[in-house]
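The structure appears below as structure tokens.
For reference, chains read A, B, C and D in written order, and residue numbers begin at 1 within each chain.
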């Protein structure tokens, strides 16, 4: 498990997404730190860089990448700026995490692909983050077991509360359904061969001239039919659902339940088999919370008083088990140190 | 957000739990690393320490804590060894994360409490990790809003597939229900005043002479009645459920669904309001996966081919939206670089 | 399937429950009709009897039972009047459906039992109607298969929106938990041997001096432990839930889902295997609605226009299937006869 | 509530569906009886008629309708025979319940419509029984409140375990999707204007040359887009689901849950407000079971012993409530009369 030193990352783009990635790398990611922040707006770059000790601010991606302490690049600038940033990273053979879209159109994406091909090895990971969602990962994993048989259809629902100002009908395809397009390819392992967009009567809550909702049908080279309801002014919440229909059963995620499968006369989900599975995240969160508080010079979480009080209740419980009947719990007086503020 | 340097942790106990915490700190926790591993078994300490670069191995907790590069201690040794380790940490005023139980009985817990009180400030966080479980945290958070009114009852189910060899009737209280005892105190903010343990006819699957299941009733100083079904040979899975019954509604976790509440004529759950909420974990996991792969010198995840292929599908989609009807997708030939192995 | 003639029923008690049973027999039950209505309040008896053609009104149960056209008796008078009505029915050897409670206390119930024993055969069905609830029936049926193993515990929740005026603490036992007492005996096939009633802090919404909620623990002669939460001022709805915990799994009803079982690492429910199962009730309801409308001289439900319109859509569908692409549906003009009013 | 005498029904068609309707009218429908059974196969007509007291058998529908004791007709013969039966009923102005399809094609359906129009009043109810399913009725009822706003899309799933021998690709439209066509028109109150049938790669479990599954898109004159997955060899069960997507929320049925709605940040369902709602069916079933047993000369269901035993438990419960602690239940000896066989 001997690991490399900490990965030093240049973040290109200090807008909402870029700033959030800076926070993420500092607070949630182990083994990485932000060493440089780049933005065409120098003030914005400085403001975000200032939040991280030892982090420098830049306006030119290539200059930032030339810094001695940059091992990798995270591109979160607007789509039209991606191509230049990617080529700059290729020039230094730096690994890149590039937010979606890779580039704004297929022609520029082809140019990037040709550049990477000439480099001779992959350097880019594109930010299709749904592939890292726990529910989608379970769905993919289940499909790969072959239990359900070959996938025949995939039904998707993608709903947002309300579209931001300036949102257009095309953006429902390019910024929203784009996720289902990648999910389709990834889940099914098939390429998409045709698209049909149907237009329901628009919702009264859609902005003027915006076709919302849309109902999109995708066909794949494996013969699957995929439908996507995209509805970005649904009003009630952000909801992403997917149901794969296979030859012997179905699996569905996103319903406010764990993954639900139907097969052999039953619907339902799985139950964890032990606590390391059920509470894996809780253990991670516990130790992270402890490390974070300790580094801030604080002590939080369950106290010695909690440990003591529970020990006293256990003793009463064991006596009740042995002797039967109700056993009262006797507690010492709680020291002021353990007062909850 | 300027943060302190990395927290250097001595892990006391290199058994299953200790080794898992070492792995956790190295792989999942940001801002911390393991600098020392302690175990009475020198070979075991060395084996675990060897997995971490620069980590030393020890057999004596106090000696390990004396090392220059120890900022904090994680105690994961057997319960009877906790008291000595905690006092050693107090001697150096080091912060401690101590696995549950704090100590094996109330008397020794009182001694630890007195020692921390004399230190004058809290140094210990006890490892009641359910307080860090996402579902319990939501339940606690909902209760604190007061929407449901005052809690009156708390129903708990705690089921394990099978008990390990050597498990006794008392261990159902001390090792299993102990979690619900802490959860009760934490969720309700009340101390437990009495315990009654009822004995259903034991399951045929329980080991000889083990009273399994048990049905435990707790009373609190706030007048709440709490019941706990503990069933450690249920056979079907590891399942932890809790339902709080309040004056105006109930909330339940652990059912294979998100938290379900009942209130004002409806049952159900909440829907995320935006993608940063719904996909927060996916973003963390994506960037972590990228950082991990990059440090290993690899490139994984969605490729430039994926970015290109989706761009081509989007273009077809926008044409279908504009013109109506079915639009075929034209893809370039995929370079061998992007072959999926 | 040659059946006996219609059963002629005397309904004793014309209050809310009795009147509802009169309506039920007339509208929902096949093969029975109400021939006599009895109430100590002559006006009330007459008013309810007047709703049924040929039905007579009485103030004395025995006199009503003496009428030539009475085959059976339904007792829905207040509990203290049950004993006399039952003995009158025994005198004429008439079958009786007696609303719960059989009688108000164990001593009077014993007297009724002795009278029926002397009659030499059973004549009485007691109105524990939960045994006829579809969900409880499924639960009972599943238990009887033995798939889950022996039942060890039964958890019950019984919640009402608000208690009626005059409701007392004792009525939570006698009028509410009484159902779970019967359910326990019926589901488990065991007698109850001990009762413990625990008193949580009363809800602020409970009437003055009423202990609500209560938490009741029952023990059975088969060694099962049964708990019942009774909460008659829960505010949010009427909710009845039951979970049986067996040696190899659990089954739960009343959650707004079909029966959910846990077993062998999975939670979930069953899926119907054919349409006669899934839509059995719909067929019954359809034919009943048609018979009812026809007897009123009306025609309701799907019309010839509906049949025609669907036929036209089918033709378009079959053409699309054969030829591919979108096929428009051509409909004739709809005659005024089929205008929806 | 004074009702007409019993409706006397001639059932035309004594095959599987017809025989089931005969059973239904006799056993489950109140206020109706079968007076005549018609089938081209005289033996089959006789066999089914023999199950009902006083019921006659016929081979000619018109002859059967001419009988003195026929008030109404239920047509359950094969589709091609419907037109003649309907016209015979029109000749005598008899009300008809006609199984779907009304007739096998649009042209013949138009002829029937013209005949009924000339009659001057509606006489036919077509057997689209989904309109009588409890879940669909709730969905329709919710839509009619307007709470969710205008419907924009309707997603349907229709799955059968396996198709019968001889099933063709066209029958997926004519015999299966036909239900969703009617449901669409009824739920939305709109006519269907176009149909597109898409062909996923057929399942390996579909019979040779049968296109299964199919994905059907319907467009309506109200601008709604409706999709139907029809999959008649899904293997796992018979499943019918529908989700309506409206301007302010969605509602879904058929998931093994009660109707689930999403609206204003929440998903979930309603909770009954009182026992007459929750247990309405149980009461109907209880009284029907009692009437049926009584007419057979039997006594079933909860006995006087059950009434007595519960009374004794209640007494113990009330004592525990008053005095605290555990109270044992004393039962008399159970007379042999109440032994469960």
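Throughout what follows, a residue touches a chain if its C-beta (ideal position, glycine included) is under 8 Å from a C-beta of that chain, and two chains touch if they have at least 3 such contacts.
On a predicted model such as this, the values are computed, not experimentally measured, just so you know.
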item	value
Interface with more contacting C-beta pairs, comparing A-C to A-D	A-D
Homomeric contact chain C-chain D: same or different residue positions, threshold half	same
Rounded Å distance between chain A and chain C, as computed from the means of their C-alpha atoms	48
Rounded Å distance, chain C centre to chain D centre (Cα mean)	20
Distance from chain D to chain A - Cα centre to Cα centre, in angstrom	45
Shared-contact residues (touching 2 or more other chains) in chain C	199, 236-237, 239, 256, 262, 265-271, 273
Chain A residues within the chain D interface of the complex	149-150, 152-153, 155, 198-201, 203-205, 213, 215, 217, 219, 222-225, 227, 229, 231, 234-237, 239, 245, 247-250, 255-256, 262-267
Of chain B, residues touching chain D in the complex	260, 262, 265-271, 273
